[in-house]
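Take a look at the structures below.
Both complexes shown next keep chain A, but they swap its partner, so chain B is in the first and chain C is in the second.
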Partner chain A sequence: MIASKNRSYLARIRPGWKFGALLVLSIGLYLINSWLILLSIIILSVVLLLTARVDFKQLRMPLLSLAMILSVVFILLGLQTDWTNAVVSVLRLLTMCLLAYSVSLTTSFDAMLELFQQVASPLRFIGANPAQIALGLSMTIRFIPELKKVYLEVREAQHARGLGNNPLAVSVPLVIRSLKIADETAEALDARGYDSASYQR
Partner chain B sequence: MSINTASTSQTRNTVYVAVFAAMIAAMGLLPPITLGIIPVPITLQTLGVMLAGALLGPWRGALASSVVVILSLAGLPLLAGGRGGLGILFGPTGGYLVGWIFGSLVIGALFKYWVLRNENKTVRFITGLFSVLVGGVAVIYLFGVPWTAVVTGLDLRTSLIGSLGFLPGDILKAVVTTLVALTVHHSYRGLMK
Partner chain C sequence: MELPPILFENVTVKFEDRDVLKDVCLTLSEQRIGIIGANGAGKSTLSRLINGLVLPTHGTVHVGNLNTHKHAKQIRRDVGFVFQNPANQIIMPLVSEDIAFGLKNLQISKVERQTRVQETLAELNISHLSDRESHTLSGGEQQMVALASVLAMQPRTIVFDEPTTMLDLRNRLAFQEEVAKLAQRAIVVTHDLEILEDFDRVLVVTDGAIAFDGHPMEAIAHYRQWSHA
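For the complex of A and B:
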């Protein structure tokens, strides 16, 4: 769900504005109770997505699972309250998700991270180090393929013993090997004189 | 050659957080596990979240969960099923993500200041299991269920009943977490100071 290729007008708006607008719109949507207004908003949202040349293929899976949840919600709400209410709630939820995905699909990953850093910068005052946080995030990304491989190996090895579906048999080796990787990496970083406390030398 | 112990432990902490966050992500990337006793296949991802708290302590554990949440919301398909993006936060299951962070925090705190203070294995298991159930199930559901209710318009009771389908799997994960955490703490003394 990375919006690396979107070049539309939405992609050019700063992520802070998009996210802020999303928050405001979400709250606003809760104050609207007319299905007619919600229906027009949702049509506008779809138009928005279309004009932003959003990659609809990426939306297929999330929309599908959302549709399943929405049908259950619709039936439950209709039976418990009334059908107008059910329509309103479903339209509202669908609009919120569409708008949220429109932000996701038109904002690059790096821009999103920058947004989170801005949002988190007040945390500096309770001792969080923003450089450390940025490092942690990129380190995590770097480790994901490696740990995925470890997980796969552990599952296959346990599968050979008939324990492939036993969460305990799979978790213990995974955790132990992950900790080993962590210790080795930390040692290697320190051996190179890496000072994580500051970037200025 | 002098060793700067402050940066050494800070490096170690950052690496631990990163590795555990990556582990939680990896747990969501592979297909779920099908057990005979539970009809729904379970992913180990929530187990990873609980383990992060139980093994790394409150702050590092919560950070590890936060990293996974941040990266997923930023767009990486790290959540079970290859899901990601802001739509998750604004959708019915958004509360559970926030709950992960507090769940790891609570489990970590309970383990660090209570569970690991006991040396007796049985006491450790009972207190540990209780802590994981409180932090890994109760706290996470505490954030997830009301969020679902608010977002979908369903009342709390219905949202709660809807979430009960996941309860057996989550309780099993709590048991596994306790066993794994206590096993690892036994071999890795000083993992949580």
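For the complex of A and C:
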């Protein structure tokens, strides 16, 4: 999820602190085995999310998917171990996800990439360029919806030609168009003065 | 705004033994220049030579005193490029971040970047798009964002490669209006002949050569005649 402009108190905390706290809390949750304590932490996480003034429209779909996944986990764990353990595990996972939403929805994408670059800076010693990796990451996120759009267009065109269920008929044009997009985007990067060596966020 | 002349000296471009452009000699100094011609005639190659996206096989291209062979990086600071398909030109997931992208490449400070992004969005009346995710924009909005991302870099020349091809009439008119207001030099490659009527100069490219160079109405008439032949 990409955070749109959020101006809550959470957005003012430095991303490094937020992600650090999320890491520590996520590990800490595994030391708690009481469902009552976990339930109170969940309530706190919900309060955190509510007070962070996040856009709940953005959360609807992820929460629905999460509910489905957690239901499956709950049933499987309940059947394989015991139901108290299932409740505890699901509460832990739910708390972690709510805390992660609070962090990601109050941190701008730019700030996240900046943090990623700082965290990945030791990679310079093995010849990797963290700025390039960060740009690659952001472009992946940017182009996933574009590629989905291209896939739907190609599938529609092949359906119209009676080739809808043929994977080759969809994958070949999809790959060709993806390569064309990659070419044009590389050209756009050049035109906008991108220089991986000097690129600093 | 002082506009540096663009000089093509005996420029030939070959792609796999095929002459895409043949011995082109030109000086572009006007503020509004159009480039028209059939598909595959060499219009896009001609426009890409201006900021070094394509380098001449023979000959040289100069923007002011800078040679595209030697100073492509500096030239790209001064010559912006708006592509036909804006979706592939928008690189970052959020509009404001995409506009800031080119400014980061220019090593501009964060505060200055934010100011320029907001100013540019306001200039094009698209401030409301600032926090939108790029993939949710309509075609017209994407083209405006692509223009904003180039304008924010404050180039003195902007090259447009068939900018209205993917736009409906309303968006095309809005885009045309914004281009007309630009203080920068605009070099527009297009099949949309109406756009060019108020331009200072129009080049007709045919089979890799400049077949006509002059007043827009005469150039359009020449191109129409050539198309019917």
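Convention: the second predicted complex is superposed on the first by the 150 of 201 C-alpha atoms of A that agree within 3 Å, B and C clash if a C-alpha of one lies under 4 Å from a C-alpha of the other, contacts with A are read in each partner's own complex, and residues count from 1 in each chain.
The working rule: contacts are C-beta pairs under 8 Å (C-beta built on N, C-alpha and C of every residue); 3 or more make two chains touch, one makes a residue touch a chain.
Bear in mind that the values here come from a model prediction, so they are computed numbers and not experimental data.
In the superposition on chain A, A:Glu146 makes contact with both chain B and chain C.
Of the two partner chains placed around the shared chain by superposition, chain B is the only one that A:Ser26 touches, whereas chain C remains out of contact. Once chain A of one complex is fitted onto chain A of the other, the partner contacts of A:Ile13 are absent, as it touches neither chain B nor chain C. When the two structures are aligned on the shared chain, A:Phe109 is found in touch with chain B and with chain C.
Once the two complexes are laid over each other on the shared chain, residue contacts for A:Leu189 go to chain B and to chain C alike. Contacts of A:Ile181 after superposition on the shared chain: both chain B and chain C are touched.
When the two complexes are overlaid on their common chain A, residue A:Asn165 makes contact with chain B while staying clear of chain C.
Touch counts on chain A: comparing chain C and chain B, the chain ahead is B.
Residues common to the contacts of chain A with chain B and with chain C across the two structures: 2, 109, 139, 141-142, 146, 181, 185, 189-190, 194-195. Chain A makes touch with chain C in their complex at residues 2, 4-5, 108-110, 138-139, 141-142, 145-146, 149, 181, 184-185, 187-195, 198-201. On the chain C side of its complex with chain A, the touching residues are 51, 53, 73, 76-77, 80-81, 83, 85, 87-94, 97, 100-102, 104-107, 130-135, 149-150, 153.
Residues of chain B that touch chain A in their complex: 3-4, 6-8, 10-12, 14-23, 25-27, 29-30, 33-35, 42, 44, 47, 51, 55, 63, 67-68, 70-71, 73-78, 81-87, 89-92, 151-155, 158, 162, 172-173, 176, 179-180, 183-184, 187-188, 191. Those residues of chain A that touch chain B in the shared complex are 1-3, 19, 22, 26, 61-62, 65-66, 69, 72-73, 76-77, 80, 85, 88-89, 92-93, 96-97, 99-101, 103-105, 107, 109, 112-113, 116, 132, 135-137, 139-144, 146-148, 150-152, 155, 165, 167-168, 170-172, 174-176, 178-179, 181-183, 185-186, 189-190, 194-197.
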